[in-house]
Each structure stands twice: as C-alpha cells, then as structure tokens.
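You will see two complexes here that share subunit A, one where it goes with subunit B and one where it goes with subunit C.
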Partner chain A sequence: MIRLARGLGALLALTLPFWLANPYFLHVVIMAGIFGVLALSLNLLLGYTGQLSLGHAAFFGIGAYTSALLTLRLEWSFWLALPGAVALTALAGWLIGRLALKLRGAYFVLVTISFAGVISLVSVNWMELTNGPLGLPGVPAPELGPWSLRAKSAYYYLVLAGVALSYLVCARLVGSRIGRAFLALRENEPLAESVGVDVTHYLVLAAVVSAGLAGLAGGLYAHYTRFVSPEVFLFTYTVTMVVMVVAGGKGTLAGPLVGALLFTALPEALRLATSWQWQMLAYGVLLVLLVFFLPRGIVPALAAWRARRAS
Partner chain B sequence: MEQLLQHLVNGLVLGGTYALLGIGLTLIFGLMNVVNFAHGEFYTLGAYAAFAALALGGVDFVVAVLAAIGAGALLGALCERVLLRPLRAESIDTTMLVMIGVWIAMQNGELLVWGGVAKSIPHPFPTAPLVLGPVSIAPLRVFVLVLAAGLIAASYLLIHRTKLGRAMRATFQDRDTAALMGVRISRIHTATFAFGSALAAAAGALLGPVFLAYPSMGDLAALKAFCVVILGGLGNLPGATLGGLLLGIAEELGAGYVSSGYRDAVGFVIIILVLLLRPSGLFAREERIG
Partner chain C sequence: MTAPEGGPLLRVEELHAAYGPVAALRGLDLTVGQGELVCLIGANGAGKTSTLRAISGLLPAARGRILFDGRPIHAAEPAEILEAGIAHCPEGRRVFPYLTVQENLEMGAYVRRDRHAVAEDLERVCTHFPILAERRRQMAGTLSGGEQQMLAIARALMARPRLILFDEPSLGLAPTLVETTFEIIADIRRRGTTVLMVEQNAYGALRMADRGYVMETGRIVLAGPARALLDDDHVRRAYLGG
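Entry: the complex of A and B
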C-alpha cells in the first residue's frame, strides 16, 4: 500500500509538467520544491539534533548571493557556481556552528538570529559587493549544453533533482551511525556524551550539512527568480521554514516535504481568497493551533493513525 | 567632545526605553521560562494605543501613555491565560513556537487595522530644542527620559516593596517551594506576563512619538530587548536597566562614529559577543530576580 503510494507519487512528480501546463501552478510547485530543500535542511538541525536555528535565512541568502555573484561577476557557469554556493554556505555553517553550538536552548536561538541579522545588514550596506537594497538583477538562467533551462517546465526538473539529492543526503545521514548519534544527542545529551558521542563534532557536522542544503536552495532560488536582493534574508523565510518542519513533522524525512508542499500551496490558495495580510495572520494563528492540536506534526500523526487502524 | 556629549544624551533617552523593554522581557523570560518573541508586538501595540489616544481621542500625553500601559497589560494577561497557561508543562521550544505564532498574528493584525503606512504620533511639546550648554535636546525627549526613569523606579518598587513582588521573587527562586508556601503560581505568571507586556507597551508609547509608528517596528525592538536581557543576565533588574542604557549609548556611538547603516548591528554584535564570551551577562554573579 505504502509502496504503491510512493510509486504513484514518484510517477506524478516525474510527469508533472506534462499535465500541469498552467505556468502559475508550475511556479507554485517549483517554489514548494525550493522550500522543500530548505525545510529538509532545517529539519536536520531542529528535528534530528533538537537545535532550533532561527538564522537559517542567512544560509539561504548567502547561497543565493554567492551563486548570483559567481555567475554575474566572475562569469562562472551555473554548474560551477551552484556547488560553489553550497561549499561557501557549508563553510559559513561550520564557522557559525563552531561558535554558536556551545550554547543551548534560547541562547542558541538568539545567537543564530543575531548572526542572520548582521549578515542581512551587511548585504544592505556593502554596496560594492551586493549593490545594496537595489539587489542584483539579471542573474543568468542555467544552461544545459545547447538548451536553456529558463522555461518553468525545464527548471522544474532541476528543482526536482535538487529535492531528490537533498532527500537522499538526509536519508543516508540519518540512517547511518551519524544519524543515531544525532538522535542520542537530541534525546539525552549527557548520556550520549558519557557513551562517547563527541557532542561538538556531531552538532557541527549537522550544521555544516544543513547550511550546505540551505545554500543549495538559495542558489536554486537565485537562478529561478533571476534577481537577488536583501529580501532573501527576511525573517519571514526562517519562520516559514520552521512552520513547514513543525507542521509536517520534525524528525521525519517525509514531514518537511509534506509541510513545504502544504505551506506553499495553502498561502497561495488563501491569496486567491483574501489579501496578503490576512494570509500572514492566518499563518500565525495556524502555527499556534498546530502546537496545540498537532504538536508532533502531520506525518507522525498519520503514522500513529495508521498504526491504530492496523491493530 | 561636544559631539560625544550629544551622543551620550541621545543614547540615554533611547537607553531608558530599552531598559523598560528589557525589564519586561527579563521578568517573563526569567520567571516563566518563556522566550517571548511577541514582546516587540506589545511595544508596537503601545505605540498604536498612544496614537489612537492622542490623534483620535485627543487626550493628554500622560493619559495616552497610561492607556497604552493598560492595553498592554490587558492583552498580556489574556495571552498568558489563554495560550501559555495550558502549555506550562511543555518544553521551552513549544512555548517559543506559540509565541512566534502570536508575533506573526499580532503584527499582521496591526497591519490590517492600521495599514502599512508609518504614522507620526502627535505630541503637545514644542519642537524647538532646549539648549543646555553644548548639548541640545528636544523637550519631548526630556519627557520620555523622565517618564522612563519613573516607570523603572516603579518597577523596582513593585518587585521589592509589594507582596506581589515578593511572590514573584519567590517563584523565580523556587517555583515548587513558593507554591507550597501558598503562592498561587498561575496568578503570578499571569501578573508577570501582564506586567512585562505593559512595560513594553509603555516603551512603545514613549518612543513612538520620537520616531514613527508602523506595524513591523516591534521586530527590532524585540531583538533589542533580548540584547538587554543577555547583557544584564536573566531576571536581573539592575542588570536590565544598566544593559538598556549601555545598548542605547553604544548604538548612538556606533551610529555616530562608525556608520549609521550598521546602527542596528550593534545589538546583534553585543548578543553574539556576550553569549560567546560571558553567557551569564555582564553584571550577573548568578541568575536571580530583583
């Protein structure tokens, strides 16, 4: 049953542009994919190691700016600039992780917010590099041999590959010894340490991979919208990621993707019905309701429901 | 030198209101263990309450500040009673998520009610600055500083001289023992959250006329409040007061001598440095309240 659903889902994902011709819907799906990568990235930290980073938009932004600047200023090919962006954000994740992961709980959260705040202010004020609030227009669309991936249907497959790659990275990591170390740290840090789990090593590793994935999402975003401005650092992005992970189910692999799909499609549907402010208001209320009524998220709730029906 | 004095005076005015924000947050954070991301929204609420009272109600400025304090306390009490009390046994992450939700909802609610255009709050003071030797200061700012100082003093009196304050200090030290001694913990939590929110609203009502009122004004205010709490140490009232003044002055000096574009970075950098180098705060020997 589950296998059938998975197979159908994969078939659906692979053939989507052929039967979903409406460019607006395709746009929503592409954005859901980019947010899916972001949610997977945040889930690695929040869901598996239990550390809430509220500075994740910084990694998204660094990835977007790096990829945009490498293609615009140094005229690198997209296929080199994107790994470059991932590498640089992973490095930033290592640096910030080394410093911030000495702290726990609210203090860790505040340091991550502050780092994101500083980086966002740098992006506004460092005119020579980032062009300040005006942003960087004309980020080139990727090309594959003679073809341009500018069309939405082509870009869709690029994003799909990005989502699949991120999912595989997360699945391999979580299923390995490293993933068990993450869970041990999440559940009981002193106990994990006492049996020889190197706390700093594993937490920094999670931060590096998580930052790299967020950088990947940033690069995919930059070459899709083909414009990067300090708005990529908006706190709204971080909040959206948190909502997606918490709603989908933190600490599950499918949860962030379900959350991303739902919370990209839902605001768009709300937008058709109401204005933008109502939509954000509904977001806030929804987050509160979720914590009260579905504290573990949609995917774990569904799994529990299925287990109850089977028994 | 004259420039330095001028910066110090401006920093003091800002710092007084930062201290109000910080005292409110440090009480909530320290006593209830709630990371109140909606704190900045109570600041915004205060600014809009003052705007409504002054521009639409046409009342006295002091009455407007009192109205803001009342609105903050009322909504704060409601928020604690409805959202935080049922979650008191939950982890700090859970309540933090709820407060993030409240923050988003309140900010966009304000956007719906008041619109996105920044509002200038009318005030009865003359705009010509008072010149005192080398420094000049607008009469409004003098009033803001005096009122902030008065509210800080009132907070000290409440914490140290009243029965409620003693119960709050007891709850902070040891919740279970305080409960055994007959302190009603639920009431103390409601009172603490209402009190902290009222102080944030007062800060908004005071700084709103100096700057402008707009829906997202609370975001930076919340971060500055966290910065003050971290500087002063959790639950530390004198620490929060000194931390607020220090942050205000540091921002003015940073904007004056380094770059005005990085004014708001000062708070972030302070948070990072203090947490990495001296996590218990600059003035704290131990975490305490009072």
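Entry: the complex of A and C
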C-alpha cells in the first residue's frame, strides 16, 4: 500500500510538467521544491539533534549570493558555482557550529539569529560585492550542453534532482551510526556522552551538512529567480522553514517535504480563495488548528494512524 | 585499609577537578582492585558524581592522575576510556526514551566496531534479562522504572566493560526494586566485572560492597572494609541515621 503510494508519487513527480503545464502552478511547485530542500536542511538540526537555528535564512542567502556572484563576476559555470555555494555555506555552518554548539540550546538560537542579522547587513552595505539593496540582476540560467534550463518545465527537473539529492543525503546520514548518535544526544545528552558519543563533534557535523543543504537551496533559488537581493535573508524565510518542519513532522524524513509542499501551496490557495485581508488570518488559523490537532506533525500522525489500523 | 586483591585496576591519585570556578574534587585518592565492589558514600555535593565523571573523562582533571590497569587515562577522551574498558551508568534519566529497547542496548556498544561480537552480546544480555528480550521493539520510555534501570545496567554491559561505574543506581526506585537492582549489581560482580558505585542508600550499598569510601567536600575522609564502615561511629551518625 505504502509502496504503491510511493511509486505513484514518484511517477507524478517525474511527469508533472506534462500534465501541469500552467506556468503559475509550475512556479508554486518549484518554490515548494526549493523550500523542501530548506526544510530537509533545517530538520537535520531541529528534528534530529534538537537544535533550533533561527538564522537559517543566512545559509540560504549565502548560498544564493555565492552562486550568483561566482557566475556573474567570475563567470563560472552554474555546475561549478552551485557546488561552490554549497561548500562556502557548509564552511559557514562549521564556523557557527564551532562557535555556538559548545553551549547549545538557547545560545545556539541567539548566535544563529545574530549571524543572520550580521550577514544581512553585510549584503546591504558591501556595495562593491553585493550591489547593496539593489541586488544582483541577470543571474544566468543554468545550461546543460546545448540546452538552457531557463524554462520552468526544465528547471523543475533540476529542483527535483536537488530535492532527491538532499533527501538521499539526509536518509543516508540518519540511517547511519551518525544518525543514531544524533538521536541519542537529542534524547538524553548526558547519557549519550556516557556511551562515548562526542556531542560537540556530532552537532557541528549536523550544522555543516544542514548549512550545505541550505546553500544548495539558495543556489537553486538564485538561478531560478535570476535575481538576488538582501531579501533572501528575511526572517520570514526562517519562520516558514520552521513551520514546514514542525507541521510536517520534525525528526522524520518525509515530514519536511510534506510541510514544504503544503505551506507553499496553502498561501497561494488562500490567495485564490479569499481576499488579501483574510489571507494571512486564515493561514494563521489553519496553522493553529494543525498544531492543536496534530502536535507532532502530519507525517507522525499518519504513521500513528496506520499503526492503529494495523493492530 | 585492606590491600585490594590482585593489585588495583583503578588508581586515582591527588585528583583535582572543577566546574569553572567551583572546585568539585580537591585531592581525591582511591583505588579499586580487580574484581572488587567498592562503594562511595557521602552527602549531596560531596563530589561523588564528579568523581565518576572524572574517571570516565566527562569532567576534565585539573591536576592529579587516574590510572586504569596501570595506564594513565586522565587526559583521554570519554570514548577512549570506554574502549579501554570503563562503562558509566550516569544518574538521572537512565534511558533514551524514544529509542527502542534494542536500540538502547546497541547504543551501549556505540564505540565498539566488532559487530558480530556486539550481536552476540545483545543475545546474551537478552537471555540474562528476559524482560528486556520481551520488550525489545518497545520504546524504552514506555518501560517501568525498574525495567528502565535494568535496561541501563544491560546497556552498560554492552560495552564489555572491565569496570562499571554506577551513579545512584537505586535513586527513584521502589524499595523492592532497590533490592533487585543491588542483586543484579552483586551478580555482575560475581561474574567478574569490577564495580565502583556511588550511593545515597549508604546502608544497602555498604552491606553488599567489599570496601567503602566516605567523601566530604571533594576528598576522601574515611576508607575501609565495608563491614568496618557500617560499624564506624561517624558513618553511623552521618550516613546511616544513628
């Protein structure tokens, strides 16, 4: 049953541009994919190690700016610039991890918020590099051999590949010894230490991978919208990621993707259904209801429901 | 003090350790002989937990030495100390609540690389604690207090330790379970694993131990055979309630 659903989902995902040619819907799906990568990234920290990064938009933004600048200023190919963006954000993740994860908890939250604030200010004020608030227009669309991936239907597949790659990275990591260590230190840190888990080491590792994935999302975003401005550092992005992870089900692999799809589509659906004054209100009410009735998130609730039916 | 039989497995010399500016251990000396069951008693804040944390590498030693089997371990990482053969059963929440019983046991062997031997040990532990075998796929958080304690002890055994450090094994358990827990610990020692135990329940601990140490403000103030400590006036007054 679950296998059938998975196969059907994969088939739908792979053929989507053929039956959903409408560019507006395609745009929503592409954004859901980019947010899916971001939610997977945040989930690695929040869901698996229990550390809340409230500056995750910083990693997203650094990825976007790095990839854009590498292609614009150094004229790197997109296929080199994107890994470059991932590498630089992973480095930033390492730095923040080393700085903040010795203390963790509330300190980590504060350090990540401040980090995002500082990076955002840099993006506004370092005119020579970032062009300040005017942003960087004309970020090139990726090319694959003779083809440009500028068309939404083509870019969709690139984002889909990014989502699949991020999912695989998370799944491999979580399923390994390392993932077991993540869970152990989230559940009972003193006990994890006592069985030989080097807590700081693993938290930094989680921060590095998480930041790298957020950088991947940033790169994908930059070459999709083909314009990068300090807006990428908005706190709203971080909040959206947290909502997606928590509502979808933190600490599950599918949860962040479900959350990303739902919370990218929901505001759009509400825009169609109601007038703008009511849109955010309805969004808020739905969110409260969701958290109230499914406090552990959609995916764990579904899993619990299936387990109940099976027994 | 009687000389520990077979030479000391663990020797702590002049150990100093602190949490930031607060000194926890001020020149601690103790030894644990091969095959012994030694208990450490003392009031809250005397430094009993800190002693165990320092031995297992979780609290860095500022001064002094810790020798395990003759080799210095006071500068080693917790994982290295565990690999050398010292397992630590910390106080407080004893299990990983959202991992299954089996996963909890596997975490005990986290630093071990010999997977086949770990799988064998898992079976052995399950035969030894049938209640855990029954609950193998259950979340550890759903176990009763006594079962969680059993799981914690079994998890420590999964590291194949030569020395186990128990921190307050009876804390928060019903009186009958305290008895069971002490029996399990005595049994572990009978099977050849050396035990160093910290206990609030001084009477119960001293009754089963070979030797005992009394700690006050970061150092040992009294040491001797457990029987002798049970009869000691100071110990009776301060720790045994008359």
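Throughout what follows, the second predicted complex is superposed on the first by the 292 of 311 C-alpha atoms of A that agree within 3 Å, B and C clash if a C-alpha of one lies under 4 Å from a C-alpha of the other, contacts with A are read in each partner's own complex, and residues count from 1 in each chain.
The criterion applied here is as follows: contacts are C-beta pairs under 8 Å (C-beta built on N, C-alpha and C of every residue); 3 or more make two chains touch, one makes a residue touch a chain.
This is a predicted model, so every value here is computed, not measured.
More residues of subunit A lie in touch with B than with the remaining chain of the pair subunit B and subunit C. In the superposition on chain A, contact of A:287 is made with subunit B only, not with subunit C. Contacts of A:180 after superposition: subunit C is touched, whereas subunit B is not reached.
In the superposition on chain A, A:207 contacts neither subunit B nor subunit C.
When the two complexes are overlaid on their common chain A, residue A:196 makes contact with subunit C while staying clear of subunit B. After overlaying the two complexes on the shared chain, residue contacts for A:115 are found with subunit B alone; subunit C is out of touch. When the two structures are aligned on the shared chain, A:188 is found in touch with subunit C, with no touch to subunit B. Of the two partner chains, subunit B is the only one touched by A:295; subunit C is not. Taken together, the subunit C residues at the contact with subunit A in this complex read 56, 58, 77-79, 82-83, 88-90, 92-99, 103, 106-108, 110-111, 155, 159.
Listed in rising order, the residues of subunit A touching subunit C in the complex are 177, 180-181, 183-184, 187-188, 190-198. For subunit A in complex with subunit B, the touching residues are 52, 99-100, 102-103, 105-107, 109-111, 113-115, 117-118, 121, 124-125, 235, 239, 242, 246, 277-278, 280-281, 283-288, 291-292, 295. By the touch criterion given at the top, residues 29, 35, 83, 86-87, 92-94, 96-98, 100-109, 111-112, 219, 223, 226, 230, 259, 261-262, 264-265, 267-269, 271-272, 275-276, 279 of subunit B touch subunit A in their complex.
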